[in-house]
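Quick heads-up: structures coming right below.
In the two complexes below, subunit A is the common chain; its partner is subunit B in one and subunit C in the other.
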Partner chain A sequence: MRYGPYVFLAAFFALAVSWFGFVLTPQVQLGRPVQETNTVMKADLYPQERPGEARQGLEIYRANGCAYCHSQQVQQKGTLVNVVLTDAGKKTMDVAKVLNDEHLGSFSGPGVAAGLPKTLLQNATMDQAVALQSLLKNAGAKTDLHLVPIGSDIERGWGKRRTVAQDFAADATVMPGSLRVGPDLANVGERLPDMNWQLMHLYAPRSVVKDSPMPSYAFLFERRKIGSQPLADALALPKEFAPAEGYEIVPKPEAKALVAYLQSLRSDTPLYEAPLTPPPAPKTNAPAK
Partner chain B sequence: MNATSPTSSASDSISTAEIDASCRVPLFTLFVSGAVWLVLGSIFGLLASLKFHSPSFLSDCAWLTYGRVHAVATNAFLYGFALQAGLGVALWIIARTSQTRVAQPWMIAIGGKLWNLGLTIGLIGILMGDSTGFEYLEIPRYGFVFLFLGYVLMTFFSLLTLHNRKERALGVSQWFLLAALFWFPWVYFTADYLLLSRAPIHGVTQVVVAWWYSANLNLVWFGLVGLAIVFFFIQELMKRPLYSRHLALFTFWTIVLFASWSGVPHSAPVPAWIPALSTVGTVLTVVTALSVIVNIRATCAGGCSQTENPPPGKFIAFGTMAFVVAWIANALSGIPEVASVTNLTWFTVAQWQLNVFGFFAMALFGAIYYIVPRVTGMEWPRANFVKSHFWCAAIGIVVIAISLAIGGIVQGFDWHDLKMTNVEVAKSQLNFLRISTLGELLILIGNLLLLGNLIGLSVRYYKTHFVPVYREVTAELKPAEVKP
Partner chain C sequence: MNSATNQPASGAPREGAKDPTVPIWLIVVLFLLVFWGGVYFDEHSGWFEPQVYSPYVSAEQLKTFQVAGGPDIMDQGRQIYERTCITCHGPAAAGQPGTFPPLAGSDWVNEKEPGRMIRLVLQGFSGPGLKVNGQPFNTSSAMVPWNSLSDDDLAAVITYVRGNKDWKNTAPAVTPEQVHAIRAKIAAAHPLSFTPAELEAINPAE
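Our next item is the complex of A and B:
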């Protein structure tokens, strides 16, 4: 290392290796612009491009640095399994015996078949669940294994499963964040779907969340004189935060785009690399809540 | 390295004073603009941190929203002060250790002007909402172009200066600087080309590249240049050679090989091999910190009291200690069990602040206080400002680092505590943030002292060097001198 070319070569070698590892290889592995069907148990395409307004909202999110206080990465400690009995079969006595031997309650023959589907074992490891499943299979019963991701982020309600690379595959500015001053937003579209709530929260966070330390984003809104009648868009603010008599607060297109982006943030699709069992589909045609 | 050897009387050798004088023009640009950005950066930082105290403060103005002000504060500090003044100190160390005059000082000064132009445009762009959304790389493309050109111009002539060196064998500081000068344009151009071109890469690869850039800037570049400064000044101030060149070589290799792989957090939403490799790189950087401790301790054995110039020595010593603490904290937070608490909290901010301010900026302050009097041939107008700056900066950064580190650990545990609501967790951080605002205020005062001293010295230089000449040129001719 006494001479210039050696130092140059050493630096070149070291940087080239790290460039190869963290720039080229990830791009080769993940950079393909191919959309693949990658969901578990559904034929949905995932990931999908965000709708146009949400894509504009992403630019608002980027321009105002929302990512300095909000992450978009749900973390997961592990996955547990629930064993659900779907069909007790004909040999209910045998099934009841298995369950009683495993200390999963005291059943008497035909009673096992009541109230199906029912959860027999909760938050078990995969080995325990598979062992029980095979015992019940020998007794002629049918069971489902439900996957339950766990971790404090998930228990906080921030997401159904951990965030993975797939969730961002269609985005061009990816902002997973580096600091959680406020809550994680990876699944905020599913968690807080109400557009009016989101708009009021942006205008005056404390109007909907008591004592929220989030700054107000009032510049995304317009304060205007009420015309012949209030606009349908105008925010229905509590008295404390409402503008003076005769004025109304109307969201600018930027605010609506930002909310559209927030609503598009969902990470509840089951994927092979982050599996979960979605809640059962509603029995009616009414939209899910 | 023979920087401290007395100038020989051989006819081809250049006196130290002459070398120093050749640095004057570029260093004036780089240091004064650097100090201006430093002050601006801390004003914006203070503005951002006030938002935590009063959420509705300046909320009607898009330009002054937290996300923009915070980005400007970070970038003004990193690109305006740390990189810019770092290049200035690097240039001076190169000229001194090479025992040669700076090649084309005016071209380096023009490079500095381009850099400042790019930064000004870029920061206005961020305020207008053109931030790129990648941390430490927020400056939009139209600013990048000028920054990059400016960097290339400055580096080219710095390397030319190194090329003209008297002694062919390179010294320790020279390895570190040579590698760093080549390092930055590669990582900066790669990151910009992949993330900000018209057809950027998509998906999480973006984040991996952004993390890679951030580690290469914050750990590798600042590590290399900062340690070059530390190693140079320890020899210059102590008047003795470094304890071990081989250990310094080991430090060098660990930085370029390990730190360049760090930066991807353990829980990142990317394929598992990436954080796994990154964890290995991050944890291994602990040997960098250890090798520096051993080398500096052994060099200083026998007492540090002989320092010729106390204030610069104090800054450098503080910087070295902050380096060790920051890098050990960084290596620790690479361990997955620790990261599960500290990741995504203020702890990472504390560690970053300690590295870029406690270590790098403090080393730069020491270097600037040592270099400027030699380059201009004038003493600092206010010697007591230098001492006060040291105490303001040292106490300020310690307050920030400790309050944010503890706040971050508390925050990490709070987010895991399901009994606390989101608002309760956010509010539990506020007291720590309030204390760290005090630290920021102290640092701002210190930065103003540096800027005041630099401006005072510039004015004095102007008065003694330009005003008499101007008076002489414009003085009325005496009748006797007028030729008929």
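Our next item is the complex of A and C:
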């Protein structure tokens, strides 16, 4: 073993380099406890743990291979900006002049202040929006910038913004999926919130979506004889999918858990890494007098 | 490929064998590819910033997209109030006589300078002799320190309480910078909760 020390050093060096590359570097990059947090809605806790039933549903989702045909990854092509005037200030003549100079419609002094908040510029780039904002700021007006993510997935209503790693941070098993035989489910909780629709779709997909290629998950349901009166849980199926007279279809706990999981899937929370402007919150819940 | 670049193949070249050197155009193509790869990396890597996803290209660009326009500071403060403060101080901030002091119309809340209120929310509050609007309060129920909240969140909730017109509070807003300054000042100096006497001794503008 004349070369023993060299062999040892070479092996040590190779392992050390790969440890730096595969363990330490990702830990430094992604494992930091403190990242920049979202600045649009700071008070939102996100992601939150899924409720218990939804967590069981994740296991059902996994066991039945839903992820083979459904992804949970919304893609985004870009982010456009709307400039919204919230306060015209006192020098409305100056504001009107800026808007007329920028060819954003013809305004006459006090008319600018009517119907606030109003959108002045739509679907602009960030640079254009910031330029207009600073012009208006010099004229004494206040503006908000509203961020609008765009992309084909977002146009389909599959999500409000792109999916990022943080969306999966509360799940022990992540189900991002890789194939889209069916639609993306990242935002299905907001898109299809109706529990009965989801249950009927699981039992007989073609009872609600005519040409659906999805297999029936009837084994998550129980076919039982109607007792003294039908159960409240029983599915209200159309005639061609309904069971024989005197029988009813009742979801097992597995089906309910799966639907609870689907309802917990949402991708509409603004994040630092995926900013968007949420629709204005309803002004309710005011402190009691 | 590279091993064959400059050296002839082992042994003497056979008669009629092709020139073993790599043609110059291949090297040019290789370097062009490397250059294109560098440009592509520059545009699409995000420089391995963990929070940069496409369509954003860099941390600086992502930062420019962090604009206000969502709920305002009072909304944010209300959410935090309803998550943390409401349990003791109540939905109308009326408190509980003798146990939990009211925030609505309280002389502690409505001080012009927020120094005392920031301190007591950050570090907690207990000890004898607390009087709010002249009413004595039982100090066995101490206020929990809320230093786990961020500067932004604390500023929002304090602003919400101080400026809540429904509660007849009219004190000016608090900025995250003010909270940050006081947090830095008391972090080392004052680990335990404040007593009323201590707070009354300090200058609320600092």
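Keep this in mind: the second predicted complex is superposed on the first by the 241 of 289 C-alpha atoms of A that agree within 3 Å, B and C clash if a C-alpha of one lies under 4 Å from a C-alpha of the other, contacts with A are read in each partner's own complex, and residues count from 1 in each chain.
Criterion: contacts are C-beta pairs under 8 Å (C-beta built on N, C-alpha and C of every residue); 3 or more make two chains touch, one makes a residue touch a chain.
Just so we're clear, the structure is a prediction, and the values are computed from it rather than from any experiment.
S.K.: A:Pro270 in the overlay: touching subunit B, subunit C, both, or neither? Say first, second, both or neither.
M.R.: After superposition on chain A, A:Pro270 lies in contact with subunit C alone.
S.K.: Name the contact category of A:Lys97: first (subunit B only), second (subunit C only), both, or neither.
M.R.: neither
S.K.: Looking at the overlay, what does A:Gln29 touch: subunit B (first), subunit C (second), both, or neither?
M.R.: both
S.K.: After lining up the shared chain so the two structures overlap, which partner does A:Val164 touch, if you call subunit B first and subunit C second: first, second, both or neither?
M.R.: After superposing on A, A:Val164 lies in contact with both subunit B and subunit C.
S.K.: Which partner, subunit B or subunit C, is in contact with more residues of subunit A?
M.R.: B
S.K.: Once the structures are superposed on A, label A:Ser216 by its partner contacts, choosing first (subunit B), second (subunit C), both or neither.
M.R.: So A:Ser216 only meets subunit B here.
S.K.: Examine A:Leu147 and indicate which partner it touches, taking first as subunit B and second as subunit C; both and neither are also allowed.
M.R.: Only subunit C is touched by A:Leu147; subunit B is not.
S.K.: Is A:Glu155 touching the first partner subunit B, the second partner subunit C, both, or neither of them?
M.R.: In the superposed model, A:Glu155 contacts subunit B only, not subunit C.
S.K.: After overlaying the two complexes on chain A, where does the subunit B footprint on subunit A coincide with the subunit C footprint?
M.R.: After superposing on chain A, subunit A residues 29-30, 162, 164-165 contact both subunit B and subunit C.
S.K.: Flag every residue of subunit B that touches subunit A in the complex, lowest number first.
M.R.: 51-52, 55-57, 59-62, 65-68, 70-71, 129-135, 162-163, 168-170, 174-175, 178-179, 182-183, 186-187, 190, 194, 200-209, 211-212, 216, 249, 252-253, 256-257, 260-261, 264-265, 267-271, 274, 277-278, 340, 344-346, 348-349, 411, 415-418, 422-423, 426-427, 429-430
S.K.: Could you list, by residue number, the parts of subunit A that touch subunit B in their complex?
M.R.: Per the touch definition, subunit A meets subunit B at residues 1-4, 7-8, 10-12, 14-15, 17-19, 21-23, 26-27, 29-31, 33, 61-69, 71, 73, 75, 152-153, 155-156, 162-165, 167-183, 205-206, 209-220.
S.K.: Mind pulling up the subunit A residues that touch subunit C in the complex?
M.R.: 29-30, 32, 35-44, 76-79, 84, 126, 130, 144-147, 162, 164-165, 270, 272-275, 277-278, 280-281, 285-289
S.K.: Per the contact definition, I'd like the list of subunit C residues that touch subunit A in the complex.
M.R.: That would be residues 48-56, 62, 64-71, 75-76, 78-80, 82-83, 91-93, 150, 152-153, 156, 164, 166-167 of subunit C.
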